Amino acid sequence: MKKLINHPQNVPAEFLAGLALAHADILKVCLDPVYVVRVDAPVPGKTGIVSGGGSGHEPMHVGYVGKGMLDAACPGQVFTSPTPDQIEAATRAVNGGAGVLHIVKNYTGDIMNFEMAAELCQERGIEVRAVVINDDVAVEDSLYTAGRRGVGVTVFAEKLCGAAAQRGYDLARVEALCRKVNGNGRSMGMALTSCTVPAAGKPTFELGEDEMEMGIGIHGEPGRERMPLLPAAELTARMAATILADLPFRGGDEVIAMVNGMGGTPLMELYLVYGELERILRGLRIRVARRLVGNYITSLEMAGCSITLLKADDEMRALWDDPVLTPGLQWGI
Amino acid sequence: MKKLINHPQNVPAEFLAGLALAHADILKVCLDPVYVVRVDAPVPGKTGIVSGGGSGHEPMHVGYVGKGMLDAACPGQVFTSPTPDQIEAATRAVNGGAGVLHIVKNYTGDIMNFEMAAELCQERGIEVRAVVINDDVAVEDSLYTAGRRGVGVTVFAEKLCGAAAQRGYDLARVEALCRKVNGNGRSMGMALTSCTVPAAGKPTFELGEDEMEMGIGIHGEPGRERMPLLPAAELTARMAATILADLPFRGGDEVIAMVNGMGGTPLMELYLVYGELERILRGLRIRVARRLVGNYITSLEMAGCSITLLKADDEMRALWDDPVLTPGLQWGI
Amino acid sequence: MAVGKPEVLKWLEVLQQVYAENRQWLTELDSAIGDADHGINMDRGFTAVKAELAAHPPSEIRSVFQSVATALIRHVGGAAGPLYGTFFLRAAAACPRKTEIEAADVVALFQAGIKGIEQRGKAVGGDKTMLDALLPALDAMRKGLENGCSLAAILDAGAVAAHAGMLATVAMQAHKGRASYMGARSIGHQDPGATSSYLLLKAAADTWRS
Amino acid sequence: MAVGKPEVLKWLEVLQQVYAENRQWLTELDSAIGDADHGINMDRGFTAVKAELAAHPPSEIRSVFQSVATALIRHVGGAAGPLYGTFFLRAAAACPRKTEIEAADVVALFQAGIKGIEQRGKAVGGDKTMLDALLPALDAMRKGLENGCSLAAILDAGAVAAHAGMLATVAMQAHKGRASYMGARSIGHQDPGATSSYLLLKAAADTWRS
C-alpha cells in the first residue's frame, strides 16, 4: 500500500485537520465526537441540513459543508458510517430552531446509525426528518436486497436542499424537495481498479488487466458483474441505457448530469466520457441543462467513473444556480 | 493499460470534444489547428494571455481558459508541446490590439515551439512577449541542464496575469507581473506510481512497493532520486525544506500555497499533506494567505503530489481574489 | 456455576484479544463480499470497550453491559456498531440486578440481545448475516437450558451451533447488508458478521466454562 | 550517382516506414530518460509528411523539403518537431534549384540542416542529444567528400559515424532536453533523439546507394 499518510489509523483525523486549516473561513472541525460544521452555525430560523457517511468519498460529505449546501457533515472511519453520537452532536450544533433534515445514503450501517441518532435528537426535542437516497440502478431494488445504494444523487440532493434551506424553505418543504430529487435521479458506476482501505493495507479486490467491474458502489465493494473492458463509447452507452430505462427519462426531458471520477481517473478521461454521454442524450432529445464533470463522490484512489442523471424541473434548476461556497463546490460567491 | 478511452490516438481530441460540450458558456474549441479560446475572444483593448503545453496535465491548461484567467490555451499531444501553428492561431484569435503574453513552461520543446510561434506572430504584426516559468527546485538550474522545469507556479501565473489583464494592465505590466510571480514561486513534486501515456500503452517507469520517486516533473519523467517511501509528515517536511531554502522564504512572509495532486491521489491524502505543510509554515512564522488543495496540474493518473509556494505581496493577493470563471478554477462569479 | 462481574469482564477482555487476533481474517472475509472493514471495526470497538471499562469501572454486571453498548455504538459505526451495540443494550436491560447470574439469566440475556439485533437490522435467518450464527446458537442454548444442562454445556452447545451457522452462510445468497448488492455472486463466501458472532459465543463458552 | 526528386521521395517513404517500425523502441528509450513519446512523435510526424506529400505533390526537390518541414513543425510538437522541422527548413534553403543534386549538394544540405538544429536547440556535442549522432555523421560525410568518395560511400560513412555517435550517448550525462533533469542518472541510457537521427541517415544511405 502506497499512500501519502502517516499511520493508517489516523488518516481520517489528519485529513480533517488539514481541511480545517485550509478552509477556516468556511467550516470548522469539532472533535469528540467528530463532525464538520459551517462556521456560522446554527443559522437562526434556517432549516438545518446534515449528512454523513464513511470517509474515503471526498469531497463528499465534509467538502460540501458551507453556505448554500450542508450545515454539517459527520465523517465515519474509511467506508464506515458515522456513529449516532456524532450525528446527534452535529444535529444539535446546526439546529436553528427550524428542525434538521438528515440526508442518508441507503446502506444498512448508515440507516441504523442515523436512526439511532434521530431517536436521540427527538428525545432532546429537535425535530428531525430523514430522507434516504437510493439512486443506484446497478442494484436491484427488491425484497431480497438491502435496496438500492445511495450514490451520485446524494451530491445533487445536498446542493439543492442546501440552496432551498438557504432560501428559507421550512423543514417539510426541504424534505419534500429531497424526496423529489431522489425520486428523479439515477446513477450507475464502474471501476477499472480496486481501492485500498488504509487500515486494511491491501486492495479490496483484484481485477485482471482487461477486466472492469460494472455496477460498482462507492466502497470498493465488488459490483454486479465482472466483464471485459469496453471502449469508452460502448461503456457510456451501456451505463446510460441502464440509467435512462430505469426512471425512465424521455425525449424532451431536461437533466442535470454528472460524470464523476472515482478518485484515480484523470479529468481527461472524465470529459471524454462526458462527451460520449452528451452525444447520446442529444440523440434522444434529452437536454443537459447543467453538469458536473470531476471527482465529487469518490472511492479513495479507485479508477473508474459513475454517471448520474437527474430529471430537473424549474425549481431544481433555479436552486442549482443559487450560490454555493464549500471546499468541493463553489459558484456564485 | 486500463483507461476510459476509445482509441489511444484520439484521447486529446475526444477530451476536447467533451470539454467543449460541458463548458460551452465559457470556452470554445477550435480545430485545425487545435486551440481552446474564451467564448468572447478577442476582448478589445485587453492584453491577451495564452499558454499551452502537452496534454495530460488537466485541468491545466485548457481548463484555465475563461474570464479572469487564460484567453486561450494550446494543447499538444499527451506530454508533447503544441506546435507553432496552434500557438500562432490562438494568439491571433485573442489579440484585442493590446498584444499577447505567452506563458511558457521551461521545457526544450515548449520553448522552441513558442519561439517559432512568436516569430510567426511578429511577422503578422502582433506584439508578443513570452515569460518562461521555471520554478521546480528539484532540478538544478545550471549550465549543465535544460534549466528548472516549469510546474506549479504556472497555475499561479495564469491566475494572476489573467486577473491583471482583466483589470486592464497593459502588456508590459502583465509581463512584469508574470516575471515577479515566477521569481517568487518555487515547487517540488514526488510520485508514488508512474503514469501511462495512452499512445505508449504501458507505464513510463516502474516503482517498487516501498519506493517513491522524489523530484518528479509532470511528464512521468523519472525524478532526481528514488528512495524508500516516507510517512507524510517527513515527506512534507523534506519537500518544504528544499522549497523554503531556495528562494529563500523567511519568517514574516505571506504565501499563496498549493498542494497539488498528480491525478491519482485522493483528496483525503492531499489535505493531510496540506495540514502537515501549514503546521510547518506556522512554525516558521510564514503565513498562508491563500491556498489551493486538489488536482490542478497533473500527470495523467500518477499518484503523488507537489507543493508550490509563492511569496505574495499585496498586489498578488488582491489579484488572486479577483473573480475567475474557468472549468478548473472558479470563484467570485 | 454462575457468572459474576469478574467473569463478564474476563469475557470482554478475551473478546478484545480475539478481535485483535482475527482482525485481518474478518477484514478479508469482508473484502470478498463487503467493504473490507469488519475486522477493523470489531477491533476498534472492543479496544474502545476495554478503554472505557478501565477508565470508568462499572459497579454491577448490568452497567458493564451498558458501558459496552455505549462504547460500541460510539466507536464502531457501520452496520456492526448499531447491531452489536443494540445487542449489549438489550442484554443490559434484560440483566437482573444480581452479583451473579445463573444459566437461565445468561440465556435470557442472549435472547434479549439477539431480539434487539433482529429489530434493529430487520433481517431474518437465511439472509446471510450475523443472525445466521446467532439464531441457531440461541435455539441450542434454549434447548440446553430446558434439558437442565450446566451453563458450560449450554454455552458449548451455543458455540457449536453458531459455528455450524457461520459455515452455513457460505452457501447462502445475501439478502441484507452490503453483500446483498452482489446478488448470486455473494454465494460461496462466509459472512464476516456471522463469523464475529461465532467468535463472541466461542469466547463466552471458553471463559465461562470453569 | 546523383539524387533526383524520386529518390528524395523514396527516402521519405522509407523514413515513414522506419519510424513506424521503430515507434516502440524509440518510445521505450524515451521512457527511460524522458517522457515516453519520441517514437510516437516521429511516427506521427512522418505519417503527416506522407499525407502532405500525397495531397500536394511538390514540383521540385527544394519544395519537397519545405513540405516536410511544414508537416513536421505542424504535427510533431515537443522537442523533435521544431528540431527536425528546422533541419528540413534549412535543408530546403540550402538545396540548389536542380532536378538532380550531387554528392556535394547532399553534404551541404545536411550541413545546413544540422546547423539549424544547433541554432534552434542551442546544444553542443556531448550534451547527449541528436547532435551526438548528427555531428560525427556530418564530419564523416565531409571527409568522404574531400576524399572524392561516391555519394553512396559518403552516406555509408555518415550512417556508420551516426551509429557510433548514437552508441556513445549511452555513456554520456545529458545536459540538454528532458533527460538533463535526471542528472547522473541519465548515464547508461541511449538517447532517443540520437537514435532517430541515426535512423534518418541510415535510411538515406540505404535508399540512395544504387
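Each chain gets a letter, A, B, C and D, in the order it is written, and its residues are counted from 1.
In this text, contacts are C-beta pairs under 8 Å (C-beta built on N, C-alpha and C of every residue); 3 or more make two chains touch, one makes a residue touch a chain.
All values reported here derive from a predicted model rather than from experimental measurement.
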{"item": "Required minimum of steps from chain A to chain D, each step between chains that touch", "value": "2"}
{"item": "Joint neighbours of chain D and chain B, given as chain labels", "value": "none"}
{"item": "For chain B paired with chain C, centre-to-centre distance based on mean C-alpha positions, whole Å", "value": "55"}
{"item": "Inter-chain centre distance, chain A versus chain C - centres from mean C-alpha coordinates, in Å", "value": "32"}
{"item": "Centroid spacing, where centroids are CA-atom means, of chain C and chain D in whole angstrom", "value": "75"}
{"item": "Mean-CA-position distance for chain B and chain A (Å)", "value": "29"}
{"item": "Junction residues of chain A, two or more chains touched", "value": "none"}
{"item": "Chain D: positions in contact with at least two other chains", "value": "none"}
{"item": "Topology of the chain contact graph, where touching chains are joined (line, ring, star, complete, other)", "value": "line"}
{"item": "Interchain contacts, given as pairs of chains that touch", "value": "A-B, A-C, B-D"}
{"item": "Chain D - residues contacting chain B, complex", "value": "27, 31-37, 40-41, 44, 73-83, 85, 120-121, 173, 175-178, 180-183, 185"}
{"item": "Parts of chain A lying in touch with chain B, wherever the complex brings them together", "value": "2-7, 11-12, 14-22, 55-56, 58-59, 63, 192-193, 209-210, 212, 229, 231-233, 235, 263-276, 278-279, 291, 293, 295, 298, 300-301, 303-305, 327, 330-333"}
{"item": "Residue ranges of chain A touching chain C (in the complex, touch as defined)", "value": "33, 54, 76-85, 107-109, 112-113, 115-116, 138-140, 143-146, 149, 197, 199-200, 204-205, 217, 219-224"}
